[in-house]
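Same chain, two partners: chain A is paired with chain B first, then with chain C.
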Partner chain A sequence: MRYRIEHRTGYHYDAPVSRCRNEAHLRPRDTDRQVCVWSDLVVDPAPTGWNERTDFYGNPVASFVVDGPFVEMTVTATSLVDVVDGDPLPAVGPGWHEALDLLTNDLSPEMLDAREFCFESPLVSTAKVVRDYAEPSFVEGAPLVDAVTALMERIHADFVYDPGFTTVTTPLDEVLQHRRGVCQDFAHLAVGCVRSMGLAARYVSGYLETAPPPGEERLVGADASHAWLSVFVPGWGWLDLDPTNDKIVGSTYVTTAWGRDYADVSPLKGIVFGGGNSHFLDVAVDVHRVEVEPT
Partner chain B sequence: MAGYHAPPGRTDEFLDADGAVRTRWKQVADAVDGYGRDGLLSRRDELARLLRNEGATYNVAVDGHSLRRPWTLDPVPLVLDPFEWAGLERAVAQRSALLDLVNADLYGDRTLVARGLVPAEVVLGHPAFLRPCAGINRPGANRLFLTAVDVVREAAGGFRAVADRAQAPSGLGYSLVNRSVLSRVLPTLHRGAGVERQAGFFRAIRAGIARAVPDDVDEPRVVIMTPGPLSETYFEHAYLASFLGYPLVEGRDLVVQNNRVWLRSLAGLDPVDAVIRRVDDRWCDPVELRADSLLGVPGLLEVVRRGRVAVLNPLGAGILESPALAGLLAGMAPALLGEELALRGPESWWCGRPDGLSHVLAGFDDLLLLPVQPAAGTRPVRPLLLATAERAALRDRVRARPGDWVGQEILAPSTVPTVGDGGGLVPRPAVLRTFAVADGPADGFGARDFRLLPGGLTRVGAETDSLVISSRGDGTSKDTWVASAEPAFQQSPWLPSGRAASGPVIVPELPAALPGRLAARLFTMGRSAEHAELVVRLIRTVLARLDQPLGSGDDGGAQSLQVLLSALGSASGFTPAPEDEDLPVPDGDAPGPGSLAEGVLPNDRTALALLFDEGVQGSLVSTLGVLVEAAYSVREQLSADTWQLVSDIEEELGLFRRRPPTQFVGAQPSLLRLQRSLLALSGVCAENMERDPAWLFLDGGRRLERARSLVRLLRSVLVEKRSGVVEDLLVESLLTTSESLIIFRRRAGSILHVSGALDLLVYDVANPRSVLFQLDRLVAHLAELPKRSSAQRLGNEERLALEATTLLRLTDHDRLAAVDPGTGRRSELDSVFATVDSLLGDLLDSLQRTYFAHERLSVLAGGQPEVGGGAT
Partner chain C sequence: MDLTHASGTLGSVDDPTELAAPQGAALAPPWPTYDPAPFYDELVGSDGTPRPSADALWNHFAELGPDGLAERQVAADREIRALGVTFTVYDGGVGVDRPWPFDIIPRIIPRDQWQIIEAGLVQRLAALNLFIDDCYHEQRAVSAGVVPADLVTGSPNFRRECVGVDPPGGIWAHICGSDLIRDAEGFWYVLEDNLRVPSGVSYLLENRMVTKHIFPEMFRHYSIEPVDPYVGRLASTLASVSPSTGDPTIVVLTPGIHNSAYFEHAFLAQQLGVELVEGGDLVVLDDDCVYARTIDGLEQVDVIYRRVDDLFLDPEVFLPNSLLGVPGLMRAWKAGRVALVNAPGAGIADDKKVYSYVPDIIRFYLEEEPILWTIPTYRCSDPEARARVLGDLANLVVKPANESGGYGVLVGSQATPEELAAAAKEIEDEPNRWVAQPIIKLSTAPTLCDDEVAPRHVDLRPFTLMGPDGAYVTRGGLTRVARRKGSLVVNSSQGGGSKDTWVVDSPSDTALAGGPA
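Our next item is the complex of A and B:
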């Protein structure tokens, strides 16, 4: 499947900004199941400084400086990405105890890389409340894949999708208490649950192709960026799961970046000089399927 | 030292196991015996006085406020044997070399983790491991520059390392100031003991910086970055800056542009090649590290990544201070250095490993518990000293999050004789902070040599059995003497001399650029000193009136007193300019919320409030507070003489604050002392300061304030024409307050007419207290300041100052003194002075915008996924 993704972020300030310095995680990375064929990042007003590198996790990062004065800034990322379905799930796979043992004691490069995602991170706690929520899914002797699938189903069933209730920094215990949130809350919660059991899980940011309601046309810009989690299954690899939609991630999902949590991969972050006391932000995302000529 | 007894069961530095004085102490012991109890106490007092004059303080946070505590020093140094020191020196150098390699490994390939020498969680689970700092593969990047290792001598006599400081070690400045004051108080002993000098170490620091900067830089431009005057060790940031000759800056004084770091100086942007940071790494770059930090420089890390600036120590090195890592160093040494670790720490157990946890829980009461992530204010805990319930709660916390804790064997540090309250010597536990600087090329990836500061900073506990000894605690500090095997030379930190003649000759850099923030503080210091002086003068004039009989039948005295008191109110609208706002807050044109309105009765209470109420804007006490704070924040710009006066003023201020006088009479002597100190301060600034931009701002602040207060005072007193006697008394008071009465009498005789007074106080450019004298100086200062824009036209500030001058010159003293017959007011004086006042206010705002303003930073919100996509 080939997608054309346009992700536009507009900033509006109530006083002139004299300069800002930003980092963008907006260029989709290559993964086992996707290739970013083309990608373009356009900033208006034009940046006066531009650097690109890959971060600690191998995600592309663009850092740029925009000199003002300006009161509006737009960052538009346009990408073409080819995506395929992941490998079929392992029929049985390792038990979660077995995975825990390997992650704790095995020093192979693969396990060490996964260890990076076993610990608490700035936005993901593994406190007792989180583990208490996780434990019922991790049945004694259960295969890891079954345990995390069960966890995903429970989150989907127990939590209400409620935009506006949380912010990016709402802690997990509050999400747990109120049982509501949006995709990144559910991803953070699931990541925390898996890590609280000593296992490895990472936070994935990306996009999801949305289907219009039956009989209606797709609305351009009606999509949004999305977030889910990926769990390390020793001997098999990383398994992506979407607790918001209770789905194993497949070819309708495009990955932008992964990290320990949202803070590692936020689409845009930075520091503004000036700009007054408040600003508002509008984000428009359009995920569009592109027909590829057979070659 | 006959009465000194060492406690049993541990090593004493001074006495050996048989109670005999150790050989290395003989000289000190003889001298101390000679001093006697009284001699020791008087020397301790003298040290305290000298330290106060140096402004040596240690800031502690108390209830969210930063409190400046005097730094203290015990007269008896810790004496180390040169051969024993040589061994310790090698061991600390080795430990430092190891820390350096560990840092490079953790931020490189992490082979220590892959080889199982360091559990992944100890690094990857620790918030001080800064991922954006990883993978910078430039040679020399991520190499340590300066380390500090705290060592104690244990009961068996050997040294052990109890803490490693690897990101921004503190204590060097205190160590310097300790040596400086102790050698002045005990000159004969210090010279006779042949103490190893410290200067060579500071030369090595300067040489090391030169090696750490990019290759194409010939004369590195170096800054020391401080979190600011409220940070615990601000004193030594300023002290080191002036000792090493580098500008002291805050994060906001620096800016990243075109992939370089620049210092915002008065003249514009000056490039910076090396940043010696005293800011913890997580706070150094809000773009890539802590976004909520206002202490850092946005974009700093990107410049580091490109190799265009050296940050010392490298960002990320804070991870090395984790107690969990310290316990693993012995295992890492053979792998990284091919040697056994010479200086071991206490036995320790990280609870993140099951065997470590069970060991710690089993021996809980005999261990010291350390959090793996020391937060501000956390201290190691000794469970034995906790109440039963607290102890159980701590066990639960350790069990719940074992990876957050380390259990450590408790060492009993050796004791050292310390002057007790009565002058007798008492044994106190000592921790020695040693300092090591990398002393060799940084271009490779192998182990580097480290060179030590001879001795270091010794801190002693307040009690014989103190376990935790830190500068925050109640103990004191000591100088540390390593007897030199060779004769000592007088050495400067810049020029190699004597035996250290190897290596390049290093000369001080070009005069350091003045950061705008510093200029603002110097300006505030000048203004507040002037304002304080005016208030003291005025109040003393008023007090002189109160002492005089009010005259019979005619109440001229009382009436003039009332006028003066309300004038005092109107002249007290002093507000220091704000530092961190985009736009200046208007200066106190109207009387502030707490200041006096017109027409108040001259009762003691309101007038006293003008002096001693901290909440009254422009009161003497609040102005002195501003003065002292400003002086502390420009500490490194002030000479020793200047500083002495500042500390005298601070002492008077402290007295006022502790016991605000309830009557004028009692305040007189204090006010007189204060006036003398303030006068001396102004004299010392005029006589001893180089005429550089720093002085231009200090003096400019004084001139502007003096001109403006005088204009306000004259306007408030003279606009209304009063009866003859009252006006005479007022004119006399104005002249007295302006120190101009004698010259007036010489010129005009005894007739106190307003026109003559105005001539002298406004127009006489030969009178250093006249308004035009101030404005002419101000115009000259402004012309000398570096221009930000094209030099063709006048700067806005110059234009405003000239406009005020011209306005005054276009009229004259007779016209100003003329009374409007209809209203009985001096309307020309009123309108001209009102305009001059407002022009000077605009000038203040304009200076603020041009030179002092620092724009507010805010965090750019990320484009967060707000909607999660519906079902597909």
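Our next item is the complex of A and C:
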């Protein structure tokens, strides 16, 4: 499947900005199930400094400087990404206890790399309230894949999708208390639940196909950037799950970046000199299937 | 490593009894009721007589009498006020600037003991620097199973932005303030390694300055190791990591006047003869170089002795709302255009969980046995250790694993049943956050309290400098003293006092540092 993704972010400031410096996680990374064949990042006004690198987690990052004065800035990322479905799920994978034991005690590079995602991170707590919520899904002796699928189903059933209720920094205990939030909160919560059990989970940011194929339901979160989680299944790899839609992530999902939580991979962040007391932001995302020319 | 002592010391090695003239005439003890039992006292032996190293001091104080001593304390207090030596204590969110609390009765350490401690501190910092460098490169200690990954990628002090960076000489922690304590037998232990922005050295220097003024006669008769070479060694350590070949421009970066250690920042800048700057005084341009805004225009800065915490250093990389830092500083550091002292990310090794692994870290990187003792530390994340801790809470000190400055520490023996129950619940809920240690019966030293001299608990913070060209340890350190009777909390941020510390040329009468593996 090939997708064309356009992600446009507009900033509107109260007063002129003299300079800003930004970091963008907007170019989709390559993964086991996708290849970014082309991507373009356009900033208006034109940046005066530009640098691209790969971050700690292997995500492409662009940093740029824009000199003012300006009161509006637009960042548009356009990408073409080929995506396939992931490998079929293991019929009987490792039990979650077994996975826990490997993650805790095995010193192979694969386990050590995954282990980094077992710990708390700035936006994902593994406090007792989180573990208390997670525990019922982790039945004694259950395979890891079953446990995390059950967890995803519970989050989907227990929580209300409510844009506007939370912000990017709403802590998990608040999300748990009010039982509402958006995709990012559900991904953070699921990540926290998995980590609170001592297992490895990372936060994935990306996109969903905007218009579903005929006859299929349009998924929640399709008109903005989306977020889900990925759980490490020893011996198999990283399994992506979308608690917002209660779906195993497949070929209608495009990954941009992954990290410990939103703070590692936020699509755009930066600092601004000037700009007055407030600004507002508009974001538009469009993800279309494109026909691949037969070769 | 440079471990040689400066050969010249103040004064000459006179007969230490000379002060108590005339010879042989036994003076009454200066403090007849002084009884440190059951603790080890720094100056007074268990039989109530002075330790050999404190003999001359003891006799001199006997001559001075209580009134003489009180007069000298008044003189010291006046001098500290006149010099403006202050420390800010936070109370209920409000910072109160207080005169630096100083007790005039010095603490004495025999030189032969100090030499061992010094070697132990250099060994420790060398190993910790290798550990930090490893954390930001291959993480060999983790893959070899020496330390668990929790300590590295699981630590809130692990800075992903520092991965792959090679500071000069592989040294990340150039300045370390270690906390040393002694137990009831007088054995020395390391309690903490402070590798982030350790403070206290200015007070160490000021305490000596004040002591010289109020007890000038002591320096004629004791051979006391000087402390003032520290500033010169700090300057050469800072210069040694400069990326430029010429005469380096060094600055001290302070968070500003509201920081508890602002006095120290100003003092060190003045002593070093360099500019004291705040974040707004520096700018990083597109050439990734750091410049100071001066009245003559921009001047390139080579070395920044930064007293701003990692997370506030650079809003581009860390906390975006920080006004204390300099946007682009990390960029400049990673490009090798400026040296930051201590390097960002050094705090990874300054953590109570890492502390418990330091002996293993020393063996792994240096293939040496640790010279200094480490206090046994129970990591509550381990179920077995946790059970032991919960069963014996009243006899342990419970500490947050990632905090510094004595915040959140619970001393089991001094806690109420409610406090113990609350601590037990916190440990059960979030075991990863806590470590526990046996309560060490901290040594005491005679301290002037409300017109009487009484034993008060003390610790010691020496400072170690490490650069590509060698290491230096202050001779002695900052002795901090708990001012309330029985209190074990000596931290200045918790209202502790201080003493001048003398390393003297005198035989020791107690066991030396060092100990079991």
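By our rule, the second predicted complex is superposed on the first by the 284 of 295 C-alpha atoms of A that agree within 3 Å, B and C clash if a C-alpha of one lies under 4 Å from a C-alpha of the other, contacts with A are read in each partner's own complex, and residues count from 1 in each chain.
The rule is short, and it goes like this: a residue touches a chain if its C-beta (ideal position, glycine included) is under 8 Å from a C-beta of that chain, and two chains touch if they have at least 3 such contacts.
Bear in mind the structure is a predicted one, so any value in this text is a computation, not a measurement.
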item	value
Side-by-side fit of chain B and chain C on chain A, or clash	clash
First, second, both or neither for A:G49, with chain B first and chain C second	both
Contacts of A:Q34 with chain B and chain C, given as first, second, both or neither	neither
Touched partner set for A:Y262, first chain B, second chain C, both or neither	first
Which superposed partner A:S79 touches (first chain B, second chain C, both, neither)	neither
First (chain B), second (chain C), both or neither touched by A:S137	neither
Residue contacts with chain A in the superposition, chain B compared against chain C	B
490-498, 508-516 or 544-552: stretch of chain B that collides with chain C	508-516
Set intersection of chain A contacts, chain C complex versus chain B complex	21, 23, 49, 55-56, 65, 107, 109, 112, 115-116, 118-120, 128, 269-271
Chain A-touching residues of chain B, taken from the complex the two chains share	110, 113-116, 120-121, 124-125, 127, 131-132, 134-135, 256-259, 286-288, 291, 298-299, 302, 305, 400, 582, 855-872
Touching residues (chain side chain A, partner chain C) in the complex	21, 23, 48-49, 55-56, 65, 107, 109, 112, 115-116, 118-120, 126-128, 269-271
Residue numbers on chain C that touch chain A, as the complex places them	139, 142-145, 149-150, 153-154, 156, 160-161, 163, 286, 315-316, 320, 327-328, 429-430, 432
Chain A to chain B touching residues, read off their complex	7, 9, 11, 15, 18, 20-23, 49, 51, 53, 55-56, 63, 65, 75, 107, 109, 112, 115-116, 118-120, 122, 128, 161, 163, 167-168, 182-184, 186, 205, 208-211, 223-227, 244-245, 247, 252, 262, 264, 266-275, 279, 281, 283
